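In what follows, chain A forms one complex with chain B and a second complex with chain C.
After this line comes the complex of A and B, so read on.
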């Protein structure tokens, strides 16, 4: 598989992607919840003939919008294409990494053939936060991107793990597109652990009958970070099932926008879509936007949504205080639990190292060391390991 | 009654998937037309001259004319949002008359109302309701109020219930109107708010003095008889601290093939410790573009309650908005929307929690059938200083067939760490298990389905006074009967 990248540091000309993460159904524009605009470097032609993904992948949306996908395709060098043969079980995870510090822009496609099983790991990582507490606004030149589109054929099983972990000087665009044919099963875990301005799109087309998606998305947004997420699941096949669980911590002056759309299409008899978001707010200057949408033009379906936004209750805090924990320590426990989950579910070294590096930055070296010790490992750098 | 019995006992028509067919609503109660002969009708379209004519007709002060002309410019400047909402391209203002008026003066006795107009309101049950259960009634026919009356004992308490036009011409109330009019819904709010301020006519001004509590509701009923016309009434209600009011509005129109337009505005000011319930049963005909705007500002320890039943209109944009400005203020919204063939109803609510310890609870239900489109749209905004604000939003949508559509689009923007916001939404049909369960307890299939639908709508109808709950249940029954599958 070819693997090159385009380095953007030092690029001066910028352009604006005005419509990133636009959900399928929008609402009052004054709420400023329908999209995020990103200032990014203007793609430059290197005068080469890059490797492109098979045309099939251009038909797969990635949640970030066509404008952003076109920018990635124009910016990246060679694309990465991986195919998992029919009926096989690939033991070794497919690691699709992106070095944010190097300003990499990556475009990858994975074909999981009928009945095959694969684990796909997206790791977008960068160095820690800048010194000081002053608000940062990442420059266009500090932009990286990781775009992955997956086609799961009939009866395929895909385990997807995504880790975004970088400091507040970085701007990152991440898109995942997914098509699931009959009986394909996808479980995805997202760990959005940091970045100055991060836009994450996730778009799944449950096109086949009995296709299923379980998406567990967790995040922490702190300091002056901006996290913008667009989850969109289209349920077209009969008896499809989608479960989206989102939970996160919003601290300091962090800003988060979470869009979740379940689109139950005509003909998808017997389909069910569920989405639930829980947000723990610990910051005094946070901005927490949520747009949970259910679209439906079929009667023989069930769509459910639930959201809960709030802080740790005073009763819970009192309970923890009785056990000797200060408010700050109690809230740090919640952050630790998030990193604990990321570390436990990291299927290989790069994602593990990225999560531990970020944990050290957010909850401190001691706690990160505890996390690693709990798994019986020593923290290692995310820069070393091998890559697909 | 015989008809009703026949309908109840009729076996439902069942389609190939076992779903019972739902009959269209019998609109004969609302679908009658009176002649416009002798009426004053301004030319179709929208020009400064038409705006000046409306203002001159009402002998308005200069400030109001200036406001109208500025709003007209805004209307032309503002576009509809291109990325959301039902299609309004079928609405052409060049084909809409913004002012149609019967040649009659406002009456305080139904016997002084012209016979055909009186007959209209008799058929809609308004005088009977006034006699039975209301503290006062205003009746608007096309662009003008034709009847306005209030019980003497209510007037003696200092309550004012009159038209905006009369309030403007009353030296005591003109400053009050000027203080509040257009302040809660600015003309820049959206395109049809601007249109409203350019051509508004009719509506009500209500003032409830401090500490006064009305035992019976006030009601305004709006009837748009003319075809190819618009109705632009403005309702301004000021409830002073500690006062209590229930205000009911109803509306209907006969069906035409030409588009009609309703772009009213409702501004509600609820003082500290006061309570206002605003109930609406909207049953416009299905050629109506209902682009209405309603907004309330609520003081400390005050309560704003919305009860809304939307059954009519071709297209609706309707989102009652509550600004919980005062500490410990409360908002409750209960609404149901029924969308059938050729209807695209975009309804919901907005709440802005600015005060500390504020509470908002919103419950919306929708029923879609025959290709109707229902969109529940809401926004919850919790401001930075709204410590301990609490808000819950619940939306339940019932799909009665597979050619209809139901979307739920709630937005939340929370900027306070101590706030707690919850939202839940469900979309689905009546489950076979539920029907089976009820049938195993001795219900017929039709009884079981009717029971489920009545239960679905009950939280809304129980919030209304008995007479209006009966009307709403009648509307639901007309839409539902034949059972649901």
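After this line comes the complex of A and C, so read on.
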């Protein structure tokens, strides 16, 4: 239950969202992995705020929890709704951005009608890197949020790219909810590139037969940043398939919590779920928490999970050494590669700029623009993409 | 004889619990092409990895001298920067690292190869064209999901970019179809032509040697270098196999040789 508590930064009243990113199956309390609490500004709207999106979207979970969703709906000034007509291929990406520097709170819904194809881009960006290495706790006033719920009808194809890139003075809440009907296919790439305190929920309901989800999630957590992620996939249809690959770098005194749940529900005959996390640890004071869970209420299904935590394999390090890289240089390559990959897969200018700006802060300006310059994918200076 | 580039003297090495190489002496002159042959399990690949400094193997005696410097105790990354290149028989997959980022990083570390991103991109494009590689490979993760032939081409791409003084090619021809073998052979030729580097070819397949002028041939059996001679030895091995060399080693070690 949310509770109003203190008064901060002049007139900004704060409240606590106590149960953000709660996984479908919880574990021992003392592990401190079941949720994250966020101190956020009290919404200016009073009483119950009706959702501004079509009613269908209120039934889509976004991984962050109902308390957080209600806060976003009550805080946001407006909602964005985009519909991709049946059987069409939308060439122009649907860009759903959130300016963290302005403390934006956005709520969006996307309906991808039967057989249609669309690319959806979430860009949550901001500056705000503190001077020095001292621990920093972003204030409630520095909170932004980007909530996006997507409904993919029968046979729809959704390409989703998400970039969260902001400085360590920012606190950000990001929620993605997906429903996939029969034969709908979703591929998602998540780049979590920075933020003082970032909570990311991702919930997919593979409700239809043969619906599929491929999620490739990458992150870097450094300095005293806190990243809290909740991936949850419900596999309800028959012969559904989900594949979650998560990889990241934990540096300095960064803290990361990763919950990954595959929920193979009754009736989902022939479904397969796979989750795997790889973490490269380069800091001495990091906190790394992982909660991989496979829930199963069906006989004829397959679920796998695995985690490789610690370092890159010795074979990989030897190969890189044979090409002239010391251990430290190989680790630097992995950091650079994370940003390069975000740049390569940015489908439009805002996500490209967000990735490059963050890369400039983390790996330096020269290295940040090296790949973009080499491959000729520098961001355009004019003609910014249309905001939905 | 060209000036000596690589000199291995009395080298014995192996894993923690198993000796593999025994008292190896081998020299490669600058710009020369040497071939190392031998039956499966002879220790040829191990020798390549020991020259490169692979920490899996421990040197129990002997020295490796490269370009006038004793590198026996040098880390692999330092040996690489000194000019030794080992092409892997089974190149390693490195998820999360785009090929471009990898190539750019390993080149920028070398002062003699440092250049602007645009010039580097141009150079990479030229070599990829020579190797009949699609440039879309640059944005794919290093070796992840690549076929055997594609991985070998990536090794050749690195060889031609890094321009090492010595390239050790560990069964670069294995698992390649005729077309891929032809392209990889062209890559090796280009290395010899453009970089004037020395080659130590570890191979079973003499076809990859057809386009090369081989200076010396070495035969390894059970971790021992048992023979060394001119290029004509390759034809002899092609016809007769390694039986005589295996019997010779057994006899020298006092083992009973079956008729």
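As a convention for this text, the second predicted complex is superposed on the first by the 343 of 388 C-alpha atoms of A that agree within 3 Å, B and C clash if a C-alpha of one lies under 4 Å from a C-alpha of the other, contacts with A are read in each partner's own complex, and residues count from 1 in each chain.
Convention: contacts are C-beta pairs under 8 Å (C-beta built on N, C-alpha and C of every residue); 3 or more make two chains touch, one makes a residue touch a chain.
What you see is a predicted model, and the numbers here were worked out from it, not measured in a lab.
Participant: Is A:212 in contact with chain B, with chain C, with both, or with neither (first, second, both, neither)?
Facilitator: It touches nothing on chain B or chain C.
Participant: Kindly classify A:291 by the partners it touches after superposition: chain B alone (first), chain C alone (second), both, or neither?
Facilitator: first
Participant: On the A-aligned overlay, A:144 touches which partner chain: chain B = first, chain C = second, or both, or neither?
Facilitator: Neither partner.
Participant: In the superposed arrangement, does chain B or chain C reach more residues of chain A?
Facilitator: Residues of chain A touched, chain B against chain C: more for B.
Participant: Per the contact definition in the header, classify A:337: touching chain B only (first), chain C only (second), both, or neither.
Facilitator: second
Participant: Could you tell me if A:307 is touching chain B, chain C, both of them or neither one (first, second, both, neither)?
Facilitator: A:307: touches chain B, not chain C.
Participant: If you stack the two complexes on chain A, which partner ends up touching A:323: first (chain B), second (chain C), both, or neither?
Facilitator: Only chain C is touched by A:323; chain B is not.
Participant: Looking at the overlay, does A:264 come into contact with chain B only (first), chain C only (second), both, or neither?
Facilitator: Touch partner of A:264: chain B, not chain C.
Participant: Per the definitions at the top, what is the overlap between the chain A residues touching chain B and those touching chain C?
Facilitator: Shared contact residues on chain A (touching chain B in one complex, chain C in the other): none at all.
Participant: Quick check: in the complex, which residue numbers of chain A touch chain C?
Facilitator: Residues 218, 247, 278, 312, 314-316, 318-326, 329, 333-334, 336-338, 340-341, 344, 369-371, 373-376 of chain A touch chain C in their complex.
Participant: With touch defined as at the start, can you tell me which chain B residues reach chain A in the complex?
Facilitator: Touching chain A from chain B are residues 19, 81, 83-84, 377, 379, 381, 384, 397, 399-415, 417-429.
Participant: Given the complex with chain B, which residues does chain A contribute to the contact?
Facilitator: 25-29, 31, 33-34, 264, 266, 281-311
Participant: What residues of chain C sit close enough to touch chain A in their complex?
Facilitator: Of all residues in chain C, those touching chain A are 52-56, 75-77, 80-81, 85-86, 88, 91-98, 100-102, 104-106, 109-110, 116-118, 120-121, 138-139, 141, 158, 162.
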